[in-house]
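Read through the structures below before going on.
First chain A sits with chain B, and in the next complex the same chain sits with chain C.
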Partner chain A sequence: MSNPVIEAPPTAPAVTWQEGEVLARRAAARNKRKRLALLVAGWVVLLLIWQVAAYYLPFGTLPNPLEVGAEMWEIIASGALVSDFMASVLKTFAGFGVAVLVGAPVGYLMGRHNYWKAFFHDGVTVAGTIPALTYAVLSLIIFGLSNLGPVLAVALVSTPYVAINVAEGIRGVDQQLVKMSQAFGRSQQQIRREVYLPTIVPYMFAAVRMSFAVAWKVEALTEVFGGTNGVGFQIRNEYQLFNITGVIAWMALFIVFMLIIERLVLRKLEAKVLAWRPEERVRT
Partner chain B sequence: MAVLTVNDLCKTFGAGTARANRVLDHITFDVRGQTFVSIVGPSGCGKSTLLNIISGVETHTSGEISVTSDAGKPARLGYVFQDPRLLPWRSVRRNMLYVQDADDEVTRRRVDTYLDMVGLGKHGDFFPGQLSGGMQQRVGIARAFAVEPDLLIMDEPFSHLDAITARGLRAQLQDIWAQSKKTVVFVTHDVVEAVELSDRIIVLQPGGRIFEDITIDLPRPRRQSDPAVATLQAEVLARLENMKAMTPQVAAAG
Partner chain C sequence: MTATLTPRRSTEELASSRPAWQKRITSDRAARFTFYVAAFALWLVLAGLFERIPGPPSVVDRLVEEFRRGEVFGNFADTFYRFGIGVALSIVVGILVGVLVGLSPMARAFLESPVMVALSIPAIMWAFLTVMWFGFGHTSPIVTTFLTAVPFMIVNVAQGVLGVSRDLRDMSSSYGVPLRRRVSDLVLPAVMGYVMAGIRFVVIMGWNGVLLAEWFGGSGGAGYRARYWYDANQFAGFAAWVVLFVGVIIILDQLIFERLSRRAFRWRDAAH
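Our next item is the complex of A and B:
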């Protein structure tokens, strides 16, 4: 080279980009295995404690895990599982649908205009801090023995979450993108669909995640007292028959089912819908 | 291509109040045909305001302004902003289609043609977050060209990019522009960039008056490495020294 100041480019770095990618993926897989092992260990310990407690408590108070397992299997085999679970799930989602219909417009107004925020703010905050049990009782008083009670309870619990998150989402809308859209002559409707809505979607998922954790418990609770079908209704049935094993079996199935919806269905859906986010891609 | 006429244009923000701020002061110029005009001036001298008035996003206080296509119809405008301003949740191709009025076969083919032109023909299905800043800005440029505007408005489109990327994009912009025959109004605070790209440079001074209106008569395609370009760049810079002498805040702002 004629110019000695310009050095030759450095040789390839110690770890190439592709190798780095492979290493990172391996580390992620190791972490995943570790987490899975701990998850299983947690369940085993829980079942052991249960088994020991069942052994030492007076006969008939607490059935052991095996008895409950057998009962669960019976419920599954009888087909009751599907019909009653579907009933509970439908009521939960119906309630959440109502929450979206009410909470999203409220949140939209709160996010768009400061005076609407002033109007709704304290009401929404108070509604969000009232114990879920209160909503269950209120729904029972209003609807008595009916399917609408659980729906209303879920709606009441979820609405503040939806409103608060949508409001935050609206405030998070990138005004530069709105201006770009206007410069290119996009209509208000297009801007709402292509800019506002996609901004809010992650916030909606946050709302679902937060409210779901409470909503399905409230749903079941309301069914226990005023349901005509569903998981809570079945739990009350078994209780009235003094079948403790049945009560626990239904409870356990319910927990498993809701964990599946929460962990698998909702998270998978979220990862799919939010695939555009760089951080989502890194994680999957 | 478009005909842009600006006649005795003034803009005062907060007119009639104690904090009235005259930003554009009796601006007159016109642009027609396949011309590349740069508007140059230090930060805060009203360049973006002028563009916003041209595009109708901002009102003016007095004077006249009109933008029409050559055929005398209302002009279609295209924009390239300082940052890419892409929808992060839409693929590159969907971003381009978003600002189109139709979503038919012809439109899609046109969108792909312009993506090819900026060298991103293989990246149509990528999300913006998967591209580098320079690539995103190229999408922004392709998006503006793909609406086939009569008048293309660019507001400091390369100022957020590193020098090497900006240099590559300037070359690419010239090539696309040469093929597409559009009127371009290009805002920059970088005189060197303006000389490389423009047929004509309108220099604004702080306070929003036109300081000079310079015609750049150099053969195309121009490249920054071309000595003739460098010579003219030095010459224009020297002429603008006078403005700095007259208005000391320029040196600080620019």
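Our next item is the complex of A and C:
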């Protein structure tokens, strides 16, 4: 690791604080540029490795990035992207809705009563370790070829996350606040609504963000096994035609979409919701 | 005035006033037992409601049948061979890359995007691609296990290395603590928890990966056998294999991992 004292820039020492500020700002800008350059370099090397691998592997096993890019453009231009992604996203969020409806009460009970904590503990931990394949195929067995299969799979996968997070949140509630409310003669219902509920909301949100990646993958997996539309369905179609370019193009779109939702939408929203909590500032 | 208030008692008084049978029913062990009974009852109800869900008797029948035919051990031997190699590879590579990412900001900036992309590629993709690349055989499940699991290890180890206290590191370097002791007394204890969490992720993700790759590859293994029953529309056979999958992962996760992590955290938990 660099030692900041020894490796201080050999510039002339600042005379006034204004000069010092300028120097500091310049150093920060330099660091930022360097990081950005490395970030770009990471992407470039990733694409280069892909390109080289595509060149050396036997023909037809790995298309090069340009071919995949062209295929992606075709998918976007044909409008299949919007309709299939909308279908998948709607199913995912419907599954989240079910997960919150089931998981939040379970988590509430687990957080408040020792009995329910012991009751649900094994179920929740086991549900979190079951392979996604199992959820996907079980949902299909129950619902057959329909849109309900992926919804059920997403719900099954994300319910334990919601329950665990909500339970954690409930246990983290400021007990002094609860005691004070009791001392001032507030009813149980009031305490529940005014103290416990507001603390659960950010935890529920965190659970959705945490489980989004897993849920989105399970949703696609279920569609691969037996969807009638959506991203997974398209990937399966391309696989059955042995069209590797098509599989990778859909996968790339899938990843881009997931990163956009996760990085931009969910994280921004969470930052907004949790802005009042000073300890949530994450070290960079 | 005081008459309107209900008499208040301490929690200890409340606890001792409850009869013994009530205490036994609400104990943790009883709660767990009730959960298993309730889950079993739920299964029975679901099996009664949906005719496509196999009930417990038929699943047990199938399970016994599979054991009798000797399908279980042969297929699991294949699966464990692939799973073991894939998991070992991802742990080793994950620790190496993770330490690099945690120590050097430049490596972090450089590797951030590849790791991020790798994290978001679902196991099914690797299963498809490796089957198309390597055909049927051991390679496809091993590579799938490795590729689905390794990003999680990298991320966890990197976080652990980043979390090593900067102050302690600076202090030990100013006091000239030898590198060996610095690693064994400062870095390892701090990183151990993250490594454990990483291994747990690797096991869970890798298990899913190996099963998926076997499902789509045609070369034996637990996943392949489960697919055989699924394709034959024999859901009881499939459910029997699900019981085995889930049983294996629970044994791996609860028995081995819990014990390992308790061992790894002796230093932390013993102090209290």
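Heads up, the rule we're going with is that the second predicted complex is superposed on the first by the 224 of 284 C-alpha atoms of A that agree within 3 Å, B and C clash if a C-alpha of one lies under 4 Å from a C-alpha of the other, contacts with A are read in each partner's own complex, and residues count from 1 in each chain.
We take it that a contact is a pair of C-beta atoms (placed from the backbone, for glycine too) under 8 Å apart; a residue touches a chain by one contact, two chains touch by 3 or more.
Computed from a predicted model, the values in this text were never measured in an experiment.
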{"item": "Touching partner for A:R186 - first (chain B), second (chain C), both, neither", "value": "first"}
{"item": "Contacts of A:L177 with chain B and chain C, given as first, second, both or neither", "value": "first"}
{"item": "Which of chain B and chain C A:V126 touches, first, second, both or neither", "value": "second"}
{"item": "Touch count on chain A, higher of chain B and chain C", "value": "C"}
{"item": "Touching partner for A:R209 - first (chain B), second (chain C), both, neither", "value": "neither"}
{"item": "First (chain B), second (chain C), both or neither touched by A:R112", "value": "neither"}
{"item": "Touched partner set for A:L62, first chain B, second chain C, both or neither", "value": "second"}
{"item": "Touching partner for A:R35 - first (chain B), second (chain C), both, neither", "value": "second"}
{"item": "Touching residues (chain side chain C, partner chain A) in the complex", "value": "26-29, 31-32, 34-36, 39, 50, 52-53, 103, 105-106, 109-114, 116-117, 119-125, 128-129, 132-133, 162, 169, 204, 207-208, 211-212, 215, 223, 226, 230, 235, 238, 242, 245-246, 249-250, 253-254"}
{"item": "Interfacial residue positions of chain A with respect to chain C in the complex", "value": "1, 34-35, 38-39, 41-43, 45-46, 57, 61-62, 114-123, 125-126, 129-134, 137-138, 141-142, 144, 213, 217, 220-221, 224, 232, 235, 239, 242, 244, 247-248, 251, 254-255, 258-259, 262, 283"}
{"item": "Chain A partner contacts - residues on chain B that touch it in the complex", "value": "55, 57, 77-79, 81, 83, 85, 87-90, 98-99, 127, 129-130, 147"}
{"item": "In the complex with chain B, residue positions of chain A that touch it", "value": "176-177, 179-186, 190, 194-195, 198, 201, 275-278, 281"}
